[in-house]
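Here the structure is laid out as structure tokens; the discussion comes afterwards.
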Amino acid sequence: MLHPLIAPDPAYVLLPKQGNSVSVGSVAQEAPAAAPRVAARRAGVAAWAPYLQVTPLTALFLLFLAVPIVTIVVVSFWDYDTVRVIPDMLLTNYRELLESPVTWRTYGNTLRYATMVWALTLAIGFAVAYFLAFHVQSVTWQMALFLLCTIPFWTSNIIRMISWIPFLGRNGLLNTTLIDLGVIREPLEFLLFSDFAVVLAYVHLYALFMVVPIFNSMMRIDRSLIEAARDAGASGSQIVRHVVLPLCKPGIAIGSIFVVTLVMGDFVTVRLMSGGQSASVGLMMANAMSLLQYPAAAANAVVLLLVVLAMVAGMLRIVDIRREL
Amino acid sequence: MKNGISAGPASRRLGRRAALKGSAALAGAALGSGAMGGFPTIWAQNIKNVTLRQFGTGVSSLNPIAEKVKQDLGFTLQMTALDSDAVTQRAVTQPKSYDIADIEYWICRKVFPAGVMQAMDTKKIKLVDKIVPIFLNGKLTPASTIAQGTAPHTVGFVEGKDSVKFAMARTEWMTMIPTIYNADTLGIRPDLVGRPITNWKDIMDPKFKGKTSILNIPSIGIMDAAMICESMGVIKYGDKGNMTKAEIDKTISVLTEAKKAGQFRAFWKTFDESVNLMTSGEVIIQSMWSPAVTAVRSKGVPCVYQPLAEGYRAWGGGLGIAKHLTGLQLDAAYEYINWYLSGWVGAFLNRQGYYSAVLETAKAHMSEDEWGYWMEGKPAKGDIKNPEGKVMEKAGAVRDGGSFADRMGKVSCWNAVMDEDRYMVQKWNQFIAA
Amino acid sequence: MHTATRRSRSFYPLAVFFGLFVVFLYGPMSTIIILSFQGPDGGLTFPMNGMSLHWFRNLFETQAVGDFGGAFQRSLALGLIVMVVTVAVSFMAGLAFRHRFRGASVVFYLAVASLIVPSILISLGIGLMFNILGWQPAWYSSGLGAHLSWTLPFGLLIMFAVFNRFDRAYEEAARDLGATPWQTIRHVVLPILAPSLVGVGLFGFTLSYDEFARSLMTAGSFNTLPLEIYGMTTNVTTPVLYALGTVTTVFSFAVIAMAIIAVQVIRHRRARRGSDAGRAV
């Protein structure tokens, strides 16, 4: 399985000349212009090919996503009492949800987490991906370092979550070490069961989701562009700002979608890391579901879905990831 | 099941012929339900091939029980453990994924009416009359008063075979047979609290600021809160287990105030969380289960299950049969349930600090010293071991909270599903968001 | 250009940053590893209560609750199936999305929605659907579907990053040389994208192997490993959970180290024999 991974990227081996021959700047300009040309050339041959290629994906989504979503939407209009859920056509669930200040506060809190985590993972993800893509020369090492980052994720999240308590807790590894070193005298209480802990855990869990797409984008950047910029006298930071950053915008956008959606829907991390003292939208739903109040949870899910879809649409207005394919 | 099954109390072993006779004795009901189709021999021969899937929380989905079932009854019992939320969800939405459901009584009030389980015919449950009366009529002794909340007997029976309507009094159709139950109170770290703890309100002592915890399952957490509020004297509840909106508002506002003042370190949801909070010293006083206290202590950390003046908050779990079970499988399920009450399991559960359904048979499977320590509040004469053979308490130890009657006789309320639970969850979310 | 060896000044600070990132990732692992050596009376938190290998032995014995072995087998099998399906399906979809086709936006937003819809509700929805249709829920049916609803959006979006400015000159060159579309994909596109595809596969496996919320209502009668561990936490408070984490980590390192060494050896031999090293696939 690891073979293709570790082999040198054939892109550079197979057709190095062609890769080199692309002149500076032409790649970025060529892409939009090329698309219709290629599409036109292909039209006769396989206009149906994309449909065929996307069929498995669509079929899986229809069965395992569209059906459940439709169910959720339908149930969100139902009624419920202490013992059962009653099919109906009511707006009560939405009214109760939207009229309650708790909802707004909870969404605000979740958004706050999402923003903080997004900013942190972006900074970390960009730096890590940049290092892997531009400073690690051999594909073998790139993959090795990647795997190094992946291994912790093969230990169940639940076990890792439990282990934060002995790490960050009052008598935890960090506090004892700091006390032993004489840095602090009293244990730091804010390390665990706090917003700090929640954000830390999110960054820990989701930074890799930012690294992977940015790294993939960076690997597609034609190295000759950077050479050319350097030859033209651009400094390192100028190259990053004016060449690398614009060219890996799609990767950044994709990573951002991952991180934002993951944080917005989470209910496990926030409960465990805040010690149950902070609210999130997911947690609100989980609480309703634990008492089988599905209509309330469903209405909340629909609202969340709309909010996050709007956020993603906003991101895509800034970076249209599909146009850059 | 090489040459017999053990279904009765103690280890009354039955030969195959006796087993057939025994099942013939049940024939009326069994034939009536069409379960056995009149071929008991097939049942006897095929029962080894039966597999029952049981799911519940890790508290009672114990592998040693499945092993013993294989040994005693011959068929296979597969256990799957999850947390209490997931158990509820699965019970209601995945009725085909299990044969035996192990759920708690309070949530049974919601699960059973969903029509995913079938009522059990008490005529087929041999020891039904021996079950602790709390589960039959709500009273530990004829003189006891019935505790508040969703008392198990209120959801223990339905009106008829196919009814999902809970009966007001005992009927022939039982929803669940009790597995384990217990009374919760505050657990404390005696080395760190530095003062006597006598009431639920002591958890609100400013001295313990940032070092306390309560349960984070909304419907149970609010009961903890109610015990505290009542003890503080700020609220007088009509029924803690079935609060009015005003009572919920008041309770949540007391809680919110304490939370904002930083009284709580964290809220726990699963067994391990409560144990970890206590052993790590994050929390020194919190609402706790008796076996969790034992678990803390087994790690060399002092911990006491503290009886309080206001009494306990109790909970119980039970086994129910999935609706889809028929024929041979259904018979195996009844066999299993009869076996469950016959003593071995009871003793096994009692040794972990829980209480079991039929005391008489459990007693027969425990040594006199064990029974004295766990159930009668007597000092242990020798070392007290857990089911794995690990020494839990040294000779001379006395169980916190005393005897069974002391504990279960002082239950103030049961974990409950309230009529206003829709409102309660909204308020609970408000509390968490505050 | 790929041979630019001179290390720019930014190399060292970034290398240090990367090092810190790895330390950060492994931070909680360190507690797991230390505490897995707890004595027989030890718990899941500090202080240590003696030192022993007790919990590693215990890991391979029958637990009071749960069944590591069975759950691990299910999770591994499921992860591998999910991996293969995710790579194949998202690669094809990635190809499709390079062209305009009707419904592209719908499919795209379905993928995004799949990421957003709270996992517990998707899980519930799929579980209910199976129940209503009378299908038997199991890890390999409803569970597989639930996991795919999770990994496919990731697979698809990473494919976008992979195809991002993929130079069509390669494909055109191949076509000009008379390759059929299938040959172009097989001999040009696939080899070029192979490392990324393996990356997607790895990502898919990791997501599935550690997936929790979507499995809750879809795993059927038997638990996947994360569910089993979660179920166990309702009763087990011993470091056996940490021992599992330590063994997983050590095992992963060993497998990866062996794989790297093997590949190096193979490549070394090939290079000596003067074969086409570039086509190491």
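By letter and in written order, the chains are A, B and C; residue numbering begins at 1 in each of them.
As a working rule, contacts are C-beta pairs under 8 Å (C-beta built on N, C-alpha and C of every residue); 3 or more make two chains touch, one makes a residue touch a chain.
Heads up on the chains, UniProt names are A, C = ABC transporter permease; B = Extracellular solute-binding protein.
On a predicted model such as this, the values are computed, not experimentally measured, just so you know.
J.: Specify the chain most distant from chain A (ABC transporter permease) by Cα centroid.
T.: B
J.: What pair of chains has the most C-beta pairs in contact?
T.: Highest contact count among chain pairs: A-C.
J.: Measuring from the mean C-alpha position of chain A (ABC transporter permease) to the mean C-alpha position of chain B, what distance in angstrom results?
T.: The separation of the two C-alpha centroids amounts to 41 Å.
J.: Roughly how many whole angstrom separate the Cα centroids of chain A (ABC transporter permease) and chain C (ABC transporter permease)?
T.: 15
J.: Show the residues in chain B shared as contacts by 2 or more other chains, in ascending order.
T.: Where chain B meets two or more other chains at a single residue, that happens at 84, 89, 272, 276, 280.
J.: Touching at least two other chains at once: which residues of chain C (ABC transporter permease) meet that condition?
T.: 44-46, 124, 128, 230, 233
J.: Can you list the residues of chain A (ABC transporter permease) that touch 2 or more other chains?
T.: 162, 165-166, 169, 171-172, 286, 289
J.: Under the stated contact criterion, what part of chain B meets chain C (ABC transporter permease) in this complex?
T.: 53, 55, 57-59, 61-64, 78-84, 86, 89-90, 93-98, 270-273, 275-276, 279-280, 295-296, 298-301, 387-388
J.: State the interface residues of chain B toward chain A (ABC transporter permease) in the complex, per the touch definition above.
T.: Those residues of chain B that touch chain A (ABC transporter permease) are 84-85, 88-89, 92, 109-111, 113-114, 210, 213, 216-219, 259, 264-269, 272, 276-277, 280-282, 417-419, 421-422, 425-426, 428-430, 432-433.
J.: Inside the complex, what are the residues of chain C (ABC transporter permease) that reach chain B?
T.: Of all residues in chain C (ABC transporter permease), those touching chain B are 41-46, 49, 62-67, 124, 127-128, 130-131, 136-137, 216-217, 220-223, 227-228, 230-237.
J.: Can you check the complex and tell me which residues of chain A (ABC transporter permease) touch chain B?
T.: The contact residues of chain A (ABC transporter permease) facing chain B are 80-84, 96, 100, 102, 105-106, 109, 162, 165-166, 169-172, 189, 192-193, 271, 274-279, 283-284, 286-293, 296.
J.: Chain A (ABC transporter permease) touches which residues of chain C (ABC transporter permease) in the complex?
T.: My answer: residues 1-5, 7-11, 14-15, 17-18, 21-22, 24-32, 34-35, 44-47, 88-90, 92-101, 103-104, 107-122, 124-126, 128-129, 145-146, 148-149, 152, 154, 156-158, 160-170, 173, 181, 188, 191-192, 194-199, 201-203, 206, 209-210, 212-213, 225-226, 229-230, 233, 241-242, 244-245, 248-249, 252-253, 256, 259-260, 263-264, 267, 277-281.
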